[in-house]
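The letters A, B, C, D and E name the chains in turn, as written, and every chain counts its residues from 1.
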Amino acid sequence: MDIATLLGLFGALAVIMSSIFLGGSVSTFVNVPSIVVVVGGTFMVSLCQISLSQFFGSFKVTLRAFMHKSISPEALIEEAVTLADVARKEGILALEGHDITDPFLENGVKMCIDGHSIEIVQKMLSKDINLELQRQNTGVQMFKSIAEAAPAMGMIGTLIGLVQMLANMDDPKSIGPAMAVALLTTLYGAIIANAIALPIAAKLKAISSDERLNKLLVLESVSGIQEGVNPRVLQQLLTAYLPESKREAALSK
Amino acid sequence: MDIATLLGLFGALAVIMSSIFLGGSVSTFVNVPSIVVVVGGTFMVSLCQISLSQFFGSFKVTLRAFMHKSISPEALIEEAVTLADVARKEGILALEGHDITDPFLENGVKMCIDGHSIEIVQKMLSKDINLELQRQNTGVQMFKSIAEAAPAMGMIGTLIGLVQMLANMDDPKSIGPAMAVALLTTLYGAIIANAIALPIAAKLKAISSDERLNKLLVLESVSGIQEGVNPRVLQQLLTAYLPESKREAALSK
Amino acid sequence: MDIATLLGLFGALAVIMSSIFLGGSVSTFVNVPSIVVVVGGTFMVSLCQISLSQFFGSFKVTLRAFMHKSISPEALIEEAVTLADVARKEGILALEGHDITDPFLENGVKMCIDGHSIEIVQKMLSKDINLELQRQNTGVQMFKSIAEAAPAMGMIGTLIGLVQMLANMDDPKSIGPAMAVALLTTLYGAIIANAIALPIAAKLKAISSDERLNKLLVLESVSGIQEGVNPRVLQQLLTAYLPESKREAALSK
Amino acid sequence: MDIATLLGLFGALAVIMSSIFLGGSVSTFVNVPSIVVVVGGTFMVSLCQISLSQFFGSFKVTLRAFMHKSISPEALIEEAVTLADVARKEGILALEGHDITDPFLENGVKMCIDGHSIEIVQKMLSKDINLELQRQNTGVQMFKSIAEAAPAMGMIGTLIGLVQMLANMDDPKSIGPAMAVALLTTLYGAIIANAIALPIAAKLKAISSDERLNKLLVLESVSGIQEGVNPRVLQQLLTAYLPESKREAALSK
Amino acid sequence: MDIATLLGLFGALAVIMSSIFLGGSVSTFVNVPSIVVVVGGTFMVSLCQISLSQFFGSFKVTLRAFMHKSISPEALIEEAVTLADVARKEGILALEGHDITDPFLENGVKMCIDGHSIEIVQKMLSKDINLELQRQNTGVQMFKSIAEAAPAMGMIGTLIGLVQMLANMDDPKSIGPAMAVALLTTLYGAIIANAIALPIAAKLKAISSDERLNKLLVLESVSGIQEGVNPRVLQQLLTAYLPESKREAALSK
């Protein structure tokens, strides 16, 4: 799990909470019906857009994505170069017993050993990358739909509160507190969207795009191994996937 | 029909209703002229954008989409592998009498039996997929246009109410209730857009994208069958369409 | 002219008008300077973005688009199949004297008769489709720019009214009516944008996309006729342009 | 210079001004600090996004674009057909001394005379078109960034004014005028964005897209001339760039 | 460092500050809890979206991008033409000892000397360009996410302040100042987003797009050198990367 994400997520909520505590009366900010409208309504609207299995599935995907520590591109390059070295010296079949860390790389190498043509291997791995990307996108979409639904439900809650308040303005003293309660749903909606759902969606997208880059690197590695490219040339080719500052180190290995 | 969608749709409305009931006077929230402006206006604006036949057609499409239970990709893969097996052993013409569940797969296989070349079959199926996608998009667009028109009509209604209230401020006591009524159209617009139209549009889009993936799977199956690909290889190729967790099960069949 | 568009356009305005009439004083909603700011300003801003000839031209295009009843795809398919039949039996030159309803189809067939190669014919028709699409897009853009300019001018008018009101708050009684007048420009802007300009832009886009589909159908027909494709195969190919429910009927002809 | 643009630009400002004059006190709408915040702030924010030379360059580009009267496509087609005629009859080298109006066409023809291959000529002209488009886009972007910055600076100015007013509410009488002043920056921002920057950006984009079409026409002309296409065929090919209503006239020449 | 950016950045803040100073009480605009909510919350939300190393890395990238003075395209063209001249006269290996200013050009030439084929060199340089673009995009994204988070946190802060104020309206005199404080977070958010984060994001994007153009120029230079294109032709080809006004000067060198 990336610590920055956890830190940011709880930090943002902590900052907001501290601002509420500093103002004194915390109880002013807790209103059960308002919470029900915003949280319940957002949940319902999100649920509506996907099937039940997808709904629970995307929480699992999310958790796995946060927990999952993806292999660094440097390690992938090193492994690919080692495999290319073996394949060039002893033939591609010599990779049969080899222990490969990354499952996607393993899958690709296995297809090469099975004797599929380069075009088939590339096509299958490419499709795998695209379809995986689409599946990960479901999680991103769900948090984005939460980020859209929460402020909308907040606004609906505030409008309901305002209408109730305006229709019964007998006691001028009650206007202030009634409006405070009405504004609470808007506040809840803004917090859920901006401090929780949007950052998670952005993080999931970043993870997914990192993984995609790693998989493209593997795709290129497998092509190189199958074609018997010189391991040094392959290494140079793959270092393009690293930022300039890390290339020196990777090439010197 | 997917139960999550129904649950979400009615759940969201129930949550909003409960928030209104908790506030006491339900009658405050019912104002016939306001309903006419928002619902009628939204209906008119949406009608304006499409032809009458499309208008009623897209409701039918919507209903069918909700009712229609699409075939699971696992079943499609199984069926395709069985067909590939027969085609490889007994020739493609042996598929003539075969009973095929999915109409799109059936259509593709029939074209193969009719002796069309691979390029023609692929081209026709691809075009079919694209044009079907465009037709389903009409339904999505209609609910999106409702989701845009409803808040706009709500705002127009509220502005009309505000102008009427501000022009006749003789009795200060009437300001509150008048403004409550004025806000009602905004509330109606927000509910129609966010709790009804947007979720349905999102759901229709998700269904359409699921079907597209299924059809791409069929397209690939038909190509494989026609080219006489080894059924095991075809199966492996098609399992890329499944999430990783379901691949094991599909391959072991 | 599509009746749904007219109905929707006038219906939306009627609904809004009825809401104003129900409130009593219609005169409150008529303010000549406000109308001048919103309508005049929107006109000027739209004019600014295009040349004078384009400005008047796009009204003509719009009117023609509304009046123009495009040929149904079924009729196009039938005509194309008849032509393909003739071309296959008597050679492509036999189409010379033939009377063809659709001008775009006629144009394509004429090019075939003139002996241009398939590549040239396809290239010219494709370019024609793309450039026509770009020209029709000018009309869509103009109504979109109106839909953006009207609320902006409405807001500018309201701000001017508010500043004038706030600067002279001597008589508290005049505040209400002054603010009512200030809000009128926002109301005008919202009505022009949401009940007139946006629906027309959406309709024009739908017409343009329908025509594009028809023209793609013709493009494919012409290719088929020139290549001497079997009329039955051509018919099957073209029915992909119809929704599933209409295919049976089209194929049985 | 296109007269519609000038008319629209000044017309929009005139309409807004007239609305202010009708309200009486013009001086209410002039507040130097407010003008400084909005105009100065918008200038600074726009400056920040580009280099100084680009900043002044894009004003020059803008002015030139407004002044520059682009050659009509009809004239271009006529010229191209004449050149194609000469090239077909007397060989491409006969175009050497020819006087060509459009510099882009001249450049293309010169490359043909220099004996570059068709691929090289097409590649160089295409790149020229794309890079020119990117350069013109800088001007569009600058006015778009002004259109984004001005309302933002207006809002910042209004917030500053509101905070100052709310913090010192001793004299209730001063609230109205203070708020009027606070709103002025929002008004300035809205006028700069909607009545000046956005229309200019839209106009620049339209000019740039017109020029692009003209250049594509030239690109096709040059290819035709170099390949020795029949002038009549070339003419027919190029008329696709004209709207249908003008084709007859162009072909009869 | 581009002076326009610095000038714009500090100028915008100076303009805003001056507007505050002119109003008198500067202390009204300083509220530590409000600063904590907006700055702290924005920091946390941005942190949440990327890993810690990326977070600090993108500040470094940003600083480098601002400091880094990219080579002018004119200088690149001159250098490329010189190299092409040498390569044509003495063979590509003669470039071995040559001192090349631009590291990307040097890298490309080195690959040519190493004897890689044209396709490999092009593929590797292209990939380098694309991946570098993606890495620079991370910095742009971070400032964009700050520009989205800051107003959101500002709104959350203002809502919290409003709820606190409305819940305790005993002393009518305190309403004004309390609301002033509540509005401060919105003001902070607007300033951070519009006067700091958005302009920097736009500037970073412009730098990145400039560099991309330079790198495409180098890519084309390297292809030309490797293919032994005539230096004069190469020069003409590369000047397309310059605006028209600078081409004459570049060609006369």
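Definition applied: a residue touches a chain if its C-beta (ideal position, glycine included) is under 8 Å from a C-beta of that chain, and two chains touch if they have at least 3 such contacts.
None of these values were measured; they are calculated from a predicted model.
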Seminar exercise, completed: Chains adjacent to chain A and to chain C under the stated definition are B
Problem set entry | Turning angle required so that chain C lies on chain D, C-alpha fit (0 to 180°, nearest 5) | 70
Exercise. What is the distance in Å between the mean C-alpha positions of chain D and chain E?
Worked result: 25
For this session: With chain centres taken as the means of their Cα atoms, state the distance from chain C to chain E in Å.
Result: 40
For this session: At least two other chains touched by the same residue of chain E: list those residues.
Result: none
Problem set entry | chain E-facing residues of chain D, complex | 33, 36-37, 40-41, 43-52, 55, 116, 124, 127-128, 131-132, 134-135, 145, 148-149, 152-153, 155-157, 159-164, 166-169
For this session: Note which residues of chain C are touching chain B in the complex, please.
Result: 2-5, 7-9, 11-12, 14-16, 18-20, 22-25, 28-29, 173, 176-177, 179-180, 183-184, 186-187, 190-191, 193-195, 198-200, 202-203, 206, 213, 233, 236-237, 240-241, 243-244
